[in-house]
Each structure stands twice: as structure tokens, then as C-alpha cells.
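In what follows, structures are represented as C-alpha cells.
In what comes next, subunit A is part of two complexes: it sits with subunit B in the first one and with subunit C in the second one.
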Partner chain A sequence: MSIASRSLAPTVTRRAQARLGIVLIIPVMIMVVVFFLIPLVNALYFSVVDFNGVNPNPPFIGLANFERMFTDPKMWAALSNNLIWIFVGTISPMVIGLLVAMLLWSVQRASVVYRVVFFLPYILPGVAIGIVWGWIYDPVNGLLNEILRAVGLGAVARGWLGEPDVALYAVLVTAIWAGTGFAIVIFLSALRNVDVELVDASRIDGANSAQRLWYVILPQITPVFIMVLTLTLVGGFSVFDIIFIMTGGGPAGATEVLGTYAYSNAFQLNNIGYGTTLALLITVLSVPIAIALNRLQRRLSLQGTSA
Partner chain B sequence: MTHSTLRAQKALVNPKTLTQSIRHVLLIFMAIFTLIPVMLVISTTLKTPEDVRVNPFGLFTSFSSQNLIDAWTVGRFSDYLLNSVLLTVPSTLLVVAISTMAGYTFARLPFRGRTVLFYFVVLGLLVPFFTFMIPLYFQLRSLGLLDTLPGAILVLTSTGISFGTFFMRAFFSDLPMELEQSARVDGASEWQIFTKVMLPLVGSGIGALTVFTFLANWNNFLVPLLYLPSGDFRPLTAGLYMFTGGRSLDIGPLAAGTLITILPVIVLFIVLQRQVTQGFISGAIKG
Partner chain C sequence: MNNLLRLTAVGVAGVLAVTIAGCTGGAPGGDSDDPNTIRFMIGQPEDPADLELTEQDMLKFEEETGIKVELDVIPSENVRTVLQTQLRSGEGPDVFGYDTGPGFAGALSDAGLLYPLTDAYAEFDWPVYEFAQERVTFNGDIVGIPNDIETLGLFYNMTLFDALGLDRPESTSDLLNACEVIKETGVIPFAISDQEGWQGGHLLSIVLSSEIGSQATKALIDGEASWDSPEVVNALQTLKNFNDNGCFTPSPAAVTYDNANALFYSGEAAINPTGSWLLQDTERNVDFEVGYIPFPASDGPGIFSGGLGAGLFISATTKKAEAALAFLDYTMTQEHGAWVIENAQSIPAFPIDTTGIEATPLFTQVLADAAKIADGSGDFGFNIDVLMSDTFNEAMWNGVQAILTGQATPEEVAASLQENY
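What follows is the complex of A and B.
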């Protein structure tokens, strides 16, 4: 379309279009250069110098920051927490989201009310979510322990965010509470586009409900599935707000992830070069996954199962 | 729609095993679980301070505006609210204006080198903010923009324009070529085609982007945390975080501060729930 129009349009029109086009993108290009490309290039520079935030000419140290990173047990601990976060924090909202969307699929009455309620946590600020859940998890005054004691499970009650072996999962439950509504709403809109004729036909052919789900419905929503997967997976590498608020990476590093570790190095310990190197690792890990999943989604969309 | 959902119901559900009412029971259970933290905040805020201590989890057992008054005055949440507005409104308008102009160019105004420039803009969607937030701190410091309102507004704007440009480009690309050509035959200039013909047709896109960007910037925590360190321009998110630090947990005013932070978002969402969910869905699909 655009190629055809370009060859048809007279030179005067093309010149006028180019002129206006360049004028219209000047603001975006200035913003991208000043607030994205220059700091991005500086990030690469910071990772090869020993910068403490004050010294105007920090010494060049080559790949020492990278060497330090790969031999830093705290980095590996943070990375493995990221992987737990990504694994649990991706699968749970997708499974719960799909189940709830299936439940909502055929509900007519009050379906809007349910949708609003389920989506609500997704639009709330992470700070508020972290603070309220921090209170729910409080060892002495928390709602969760209160409920456990009330139903006779007082033995299970504990300081949910204070114990190293449960803290990460406690924060994960909060993140799942906050993020599942997105999956529900997206899956519901995908289900509403499912070709019902096919589902009917398979039922007549004797497929049971599990088979209909697996062979007929799921393939039709796969592109949307992969899209949600991409967003949550990539988001999992750069998780920060909720952990920073609820535990600050503690207790004893039990909930430390790359984001909080990079932050504390750069802004609390003045290891700016090292903090930047850790932040670069987040990019190096997340960008290829985003690109690969995006390609996959595009290929599936082109096969006629449109998103 | 009703017809197809009815058929969907018939197709999927075995009426013997899962009836409509069991569905509702499950959904209501889920809805209550989802709403408990929010109800807890509202109920605690509106209690008397004594009641907060004695009976923290009873829903709406007493009424007092004391917690709200404490948060508003002693807790400085009136300042934080003003700062949130001063940060969010200009940055949202800038994102929408810049993205709409750029989206139009990348959709409909070809010139040499345009594709390369587009890749640079879209790169911002792939690279997490973390990667360059630390150098950006020192860059702002050397530009004299650290700890200033304009500095934080510009950074908030820059976090939204990659997505915004990508999003608006999709809307402009969907418009038919004939519109533009017939306007040109009628003697309209390129600027008039953009403002008079095309712009009115992407209103839904602009609306969705506005709501989406407003929510993202209102909720943003990292930008004020990093780039407004002194606290003179602290918005609600950073203010709420500071409020919890360094003091014994005073639940009543804390709940009130939380309510002040989330109430604008909740009201906006409930009033515009269609636009918000549609915006997120199409944002995710187009992105």
C-alpha cells in the first residue's frame, strides 16, 4: 500500500510529506536521544570504569566489573531469585487467569462487575500494594495471622516477610494478586473471539470438554497466550517496586533480585560502575527472550489464528 | 455477542457438572479475595484511631475522619497530592502530543531514513529502564535537572513515548489511503490533512493512550525515588514510601495515606473502565 502510494504520489507531495514528517518527529527524537540513547551509551561506559559518583575522570578498569559480577555469589543468588520469580510469577497468573476467564466466558449477568473487580489490582500503584500486603503479612498485627489463628491454624502463623525461606513466596503471592487481573481480561477478550463453530463441531464429533479445551480452544488463543507470557517473563527480570517496598531484598538477601541488588549497589553503596553492570545484565537476559517470543507470536498469528 | 456466548456456553459447559450458579460462587469467592486488601484500606481509614488499635479488622465498625486529617496535614499528603498532579498531568500531555505527532509520521509520512529512526524509538520498548537509570541520574545532575520538577516531568515523558509512538502509529496505519488522497485533491496541505482529516479519526487511540499514560505516571515510583531525592516535589507514591520508613507503624494514617494515593486511580478506572481495559488490551496486542 505505502509503496504503491509512494510511486503514485507526485514529487511535490512527497517533499511536503517528508518536510512535515521531519518536523513532527523532532520532539520524539530529541527525547529519545537525550533521555535514552545517551544514558544507554553511558551505561556501557560506566560498566568499564570504576566510578564512585564523584570522580570526574574515573579510572578505566576493562572488564573487571563483569569478572566481579560473574564471581559474585550475591549476584547468582539474586539471579536465582529472579528465575524463581519468573517461573512462579509467570505460570500462576496465566493458569489462574485462564481458569477465571473460562469461568467468566459464559457468564452474562454481572460479567462487567467481575471484570472491573479482577482488573482493579493491576492498575494500583505498586507502592500502595506493597504497603497494604506488608501489613497483611505483619507477624503481630497482620490480617493473615489473625485469620490463621481464628481458624485454628495458629501454628502456621509466622512473620511472613521476616523468614528467609518464605519471604520470596509471600511477596510472589502479592505480585500474583496484583497481576492476574491482566491475564484474566486479556484471555477473556481472546476467548470471545474463539470460533464457536469449531467448538460445536468438535463436540458433535465426540470430543469431551478437556479435549475441546486442549485441541480446539487453546490453539486459537495461543498468540495471546504467548503475548501475556512475553510481558510477564520480561517484566520478571526487571521486578523492583514491590520487592523494594515489602522487604528491600531482605531478610539476609532472601528476596534480593537483580533490580534491588543493582539499586543498592549504585545508590546505597556508591558502586556505580558495578551497579550499572548488574543493570546491563537485566537487559542482556530479557531482550533476547522478548524478541524470540515476539517472533513466535507473529508466526503463529500469520497462520490464521489471529490475535 | 449474546448469541455467540450462549453457544460458547453450550459448547464448553457440561450442564451436569458445572452449572451457572457454581460459576458464580467461585467467581464471588475470587472477587472477595481480590477486594479484601482494598476494603481493608478503606475500612481502616474511616475508623477512629482507638478502633484501629482494638479492632483492626472489623469492617466499618466506627466512623471518624481523624486518620484522613492526620495524613492530609501531619503526613503532608496534601503536598504529595499536588506534586502528583504537577508531575502526572504535564508528562501525560507531553507523551500524548509527542507520540501522536511521531506516530503519524511513522505511519503515513515516508522519507529516507525514517525506518532507522523508528528502530531507535522502538528500542526503548525493549530496553528496561534499569539499564540506563543510573547514568541518567548523573546526566540530570550535570544538566541541573536533578531534583527539579521539569527534570522529573521530562524523564516521565521519556518513559512513555516509545510505547506511545508505537501505539499511535498502529491507529494511523489503520486509516484508509483514500481519505488522505481525496483531501489532497481538494487542495488540503499536509498539515491540514494531519490535523483536520486524520487526527479526529484516532480519538479512541488518543483517549486510551491518555488514560494508560496517566495511570503509569501516577503510579511511577522509581522516577521520583531516584530523581527527586530532596523531597520538595515528592509525589504520592514516594511520599507513601517515605511515610512508612523510620516510624513505628501507625496504621490509621498510613491507611489514609494509601487511600489518598489509590483513590484517584480507582475513580478514574471505574468511570472509564471500558476505555482502560480496552486500552490495556489493544496496547498489549498492538505492542
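What follows is the complex of A and C.
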């Protein structure tokens, strides 16, 4: 090849690469515009009008929906339920998922069976889970109370979904049961990439199980850990379906979260403007956290702490 | 490079096709341009047998008129959201079943989404009862045909009552006494469900109507009396007393409507406070004799709460008004009314000659009660939630749940009702 053509090739190549890059991301950009940007702009519009769902010309009301939101005691109550959900509903599947993954890590026989069994609840439809667990929690004929009575713990039997102090935690148990399988499978995959020689070396050096986990294993799976943490935590802000099916946000708002409160305002009270404003709050709260965790994960990956 | 671009073009086309298909696609079942095909949307009936009856009815209509009905059945809890979305987009069903209250059909009428039927009433001379016509009249226009007259009361296990030596309760103290006797047998006195919330509105309706009477209840509904009054507080207190005495299902806010009905059908509960719409299902599912009485008052047997169920409406943007009106007219005939009474145990909101109609004794009683609602000769209370706004209804439903779970006092709930009126 001549010197002249060698000096031209990179420019042509760069332009061609740029064009190719643009062409390749066009499909995704179309989907981002159609399924994210347009709905977001729509949501911003609905949040500044008083839209009841049927009036084709809703009046502009400025920031009234936002003012109402910040002075609405029910919003703050729903947000506090979200925080409980995030705290308990994030720590539990992470801890249980990691411990079970550690146990399965050393299992050779039937490991596929265990993985399927633990992952199965995660792929079941939320509606089906909610309905079946609703039957389990039924105060009269539910399986849970029947078992408690059968083993002499009848005093503990109660209306799990009907008592305001207990209902949210009862639904949380169901959600943790359904979601932990995801954490187990992801952690198990990450553990398969852990350098076992380092683990053995630390054992020889006298490190106990907890020390091996904290100092040797966790640092090698941190990016995956943070990824699961991000998904679980962000999911806690946007939780809706399982609460809607099992309690509808009741009794009397005891299990209301931002998602169910936004739904009831939008679709049951015909207050779509206010419901949209509440939904935007979910976005505003969850996106910064997701971005921060994502940056942390990338930083740790670049530092070479990945498995 | 050219191959790659071609592949990319195919990929983009695929994405666009999926996007366009997702964004459009029309209403379920497709919108036929045939003027003799109409789409009829209803909420899923509680019993599949009722859906079969509806389908048979549609076939009969098609045979008689040559107009085909495409039945569009959606989950009842989704009717409001799906219907509003479709009507706003101009792709609503031609005819649909919907609640008649101000928060339901009234809201659609205010938005101009309903076909006015005032002229059709005159043209077809539909003999709908006047009180029922008023319930589907908004802004001076009649916009719907009320489907059926319903009452709220107590279904009770007469066989069990007889075995326990209990008479029909004629006062709240009779009812409390019956509750104590029934509890001793291990049977749950009342099959109360309130997990979904709306049942609380019915409970308040039946207790309040019986205790203060129809005139006083109407005054509350019309805003002429305050919901933050001793009468309302007493009615809410009655519910609290019955719950605190263990007369209701344990933790009623955790019990679903279907589960409570099942408790009554199986004999595990003795009394089921619900409405006459459940009469046919009740008779299908029980193996004991059933009675139907109003919730008693403190000083007497009480009165049923009565009112209208849902109605039939035509979409304002329908292009098949003639066929839709023909469908409505079909439902207003004596023949159809008699069929509905005999087969669906539903009571039309217009006069029907019931001579020769085969009905169970219980349904004959309900029919007689409905006739008194219709001609105004009987005293009936009101089913509050079909006459009130969404905001009030939510306060009422949450309020009764709060009372049953101890989260609020009757005074607090009454104040909340007045605030949200």
C-alpha cells in the first residue's frame, strides 16, 4: 500500500466508523425517544395541568400539584413505607442471596436443580404470587394460620394482611421470597469467577469463614454485588404490583407506597395530574441513586477489583 | 460495509414495525366498518355462567335483527381505566355497561363522551322508571339505560337460625344476641370482607339507612345534613361494636369479597351482608335455606337500601348509532325483561309483567321489594357509593377499614366524610 493511501485510510475509516456507530444506535434511540422521552415529556405536561382523565382541555395549574404533594401527609406516609420497603427489602435478599449462593457454590451434584428451584419464584407473574400468598395469609382458612395452630402457635395466628402494624411486613416477606432467587443466581455466577487459590491461601493463613468472605470473596464480586444492590434498591422505590394485588394499599393506607398512591390518585380518583406528579417523584428519587451506584460500580471495576 | 448497512436497515425497519404495532393496533377485537356490527364492552361477570347467558342473549339479538354483537369482556377492576382511555381516543366500544353514579357515567357525560339518548327515549318510548331515569340524567340529557334495580341487605342461613332456635332479627339487639349464640357453635356470625375496601360503603349504607331512615339518609346525600353528625357517628359505632364483639370475620380487612362469600356458601359463616345481585350465585352454591332481610335498626326491623346497578351507554363517537340504539331497544322489551328476570335473576328498571315467571321464593321476595322501589310505595334507603363522588367514596371506604382495624374512631371517620363531601 502507498504512503498516500495509508494516510487517507484512517480518516475514511474514522468517518465510516462514525456513520456505522450512528446507524447502529438509531434503533435504540428510536425506542428511547418513543418509550422514554415522549412519555416523560407527557408526564411533565400532565403534572402541570388539572387533568381528570376525560377532559380534552385540562386547565394549566402551574406548580400546584407539586405544592400539594409536599404538603400531603399521605404522600409522606407512603414515602416512609417505601423507605421501610427499601431498607428491609434490599438487605434481606442481598444477605439471604449471598449466603445461599455461598452454600450452593460448593455443591456439585444437582446444582442445576437447586438453581432452578431458587430462581423459579422470580419468574412467576407478580399477580399470581400476590393471589396465592393472599390465600396463604387468609385469616380464617389460610395455610399459614392453619400451620401455626397445628403446631400450637395459634396465639400468633392473625389477619396478616388486615392488621396495619403487620400488613406491610407480610407483603415484604412475599416479595423477598419472590426476589431472592435472582440475587442467588447472580451471586452464584459471580462466585464462580472468584480466585479459589486466594480463598485457600487465606484459609491456610488462619482466616475464618467471615474473614474469608469479607476480605477475600466480597472484594472480588463487588461490582456484581453493587449491580444487584442497585436493581433491588431502585425496585423498592417503584414497587407497586405485589402491594396492589395483596392489600391495595390498605388497610386504610397502612401499606400505601408511592406507586399505589399515584395509581389511586390517577385511576381511582380521576386525578391524573396529581398521580403523574407522584410518579415523577419516584423517578426523581430513584434515578440519582441508580446513577451514583452505577458510577461506584464502574470506578471499582476500573480499579481492578472485579472477579 | 454494504451488507452491514443492509442488515442495520432491516433491524431499524423491524424496530419501527414493532413500535408502530405497539402504538396503534386499535381496540381489542378490531373495529369493523360493517354498520351492522357493534362492539359491546362489559366487565367480567362474577360467575362464568352469567357470561354464557350474555353470549346467548347476543346471539338471539343477532338472529332477530341481523346485527352482530362483538362482546368485549375485560376484568371488572379495569373497566374504568380501559373505557376512559378508549373513549378519549375515539376508539371506544359502541355500547358498554358502566356504573350510573356521578363519578362514573356522570364524569363521562361531563366530558361529552356519551351519546345523548333523550330523543331516543321519546322515539322508542322506553318505559324506564322515572327515578331510574333521573340517575342517568346529567346536564339535562338522558345518557343511559339503567340496567337493574338492586337492594342491599343480609343473606342469612335460615336453616342454622332454625336449628339454633333463633328468630329473624328485628332489632340490632336481636342481631347481637344471635351473634353470641352463633359464635358458641364455632360458626362465624357475619361473613364480612373489606380487603378491597368498597364493601365498607355497603356496610355503612345498610346500617345508616335502617337506623335513620330514607329521608334522613337522602338529606345526607343531598348535602342538607352534615356527615359529621351523631347519627353517622352512631352508625359507624354500630359497625365497631359488632366487630369488637367478635361478630365479624377475624380481621375483616384481610378477607376478600370472594372468600367471604365462600365462607357463607360453605356454612362457615351465618350471615352475608351484600346485595341482591348475589342472589342467584347464593342459591346456586348453598345447600341450606337462605333468607334475605334488611340490617335491623335499634328500634325495628330496618329497611333495605335500594338503588340502581349499572347501566348501558353508547359512545359519543360511535359510527353505528342506529345499530347501537337497536341493541338498547332490544333490552327494553317485555320479552327481554322477563328473560332477564327468569335467567339472570336481575331486575330491570322498567315495569315487567311477572305473571307466569318462574322464580324461587327468595327471588320472588326480592322482585316484590324492587317493585316497591319502582313505584315508590316502599321505604328504602340508599346505596351511598353510587350517588357520591370518588373522593367521598375513598374517604368512606378507608374510613370503614380504619374503624375495623382500630386506626380511627367513628368520630374521626365522620369528620373525614364531611370534609370530603
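Keep in mind that, in the parts below, the second predicted complex is superposed on the first by the 270 of 307 C-alpha atoms of A that agree within 3 Å, B and C clash if a C-alpha of one lies under 4 Å from a C-alpha of the other, contacts with A are read in each partner's own complex, and residues count from 1 in each chain.
Here, a residue touches a chain if its C-beta (ideal position, glycine included) is under 8 Å from a C-beta of that chain, and two chains touch if they have at least 3 such contacts.
Predicted, not measured: the structure shown is a model, and the values here were computed from it.
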item: Contacts of A:108 with subunit B and subunit C, given as first, second, both or neither; value: first
item: Touching partner for A:259 - first (subunit B), second (subunit C), both, neither; value: first
item: Subunit B or subunit C, by number of subunit A residues touched; value: B
item: Subunit B versus subunit C as contact partner of A:267, first or second or both or neither; value: both
item: Touching partner for A:16 - first (subunit B), second (subunit C), both, neither; value: both
item: Touching partner for A:210 - first (subunit B), second (subunit C), both, neither; value: neither
item: Touched partner set for A:162, first subunit B, second subunit C, both or neither; value: second
item: First (subunit B), second (subunit C), both or neither touched by A:27; value: both
item: Partner chain in contact with A:54 - subunit B first, subunit C second, else both or neither; value: second
item: Subunit A residues contacted in one complex by subunit B, in the other by subunit C; value: 16, 20, 24, 27, 31, 34, 53, 134, 138, 141, 267
item: Touch list for subunit A against partner subunit B, complex; value: 1-2, 5-6, 13-14, 16-22, 24-25, 27-29, 31-32, 34-40, 42-43, 45-46, 53, 100, 102-108, 110, 112, 114-129, 131-136, 138, 141, 143, 146, 177, 181-182, 185-186, 189, 191-192, 194, 196, 199-200, 203, 209, 212-213, 217, 224, 227-228, 231, 234, 237-238, 240-241, 245, 259, 262, 266-267, 272, 275-276, 279-280, 282-283, 286-287, 290-291, 307
item: Residue ranges of subunit C touching subunit A (in the complex, touch as defined); value: 1, 4-5, 8, 11-12, 14-16, 19, 23, 80-81, 84, 87-88, 103, 107-108, 110-111, 113, 188, 194-197, 249-256, 259, 263, 268, 390-391, 394, 398-399, 401-402, 404-408
item: Interface residues, subunit B side, partner subunit A - complex; value: 1-2, 4-14, 20, 23-24, 26-27, 30-31, 33-38, 40-41, 56-57, 97-99, 101-102, 104-106, 108-112, 114, 117, 120-121, 123-124, 126-139, 154-155, 157-158, 161-162, 165, 177, 181, 184, 189-191, 194, 215, 218-219, 221-222, 226, 236-238, 240-241, 244, 249, 251, 254, 258, 261-262, 265-266, 269-270, 273, 276-277, 280-281, 284-285
item: Subunit A residues touching subunit C - in the complex, by the definition given at the top; value: 16, 20, 23-24, 26-27, 30-31, 34, 52-56, 134, 137-141, 158-164, 167, 247-248, 250-254, 264, 267-270
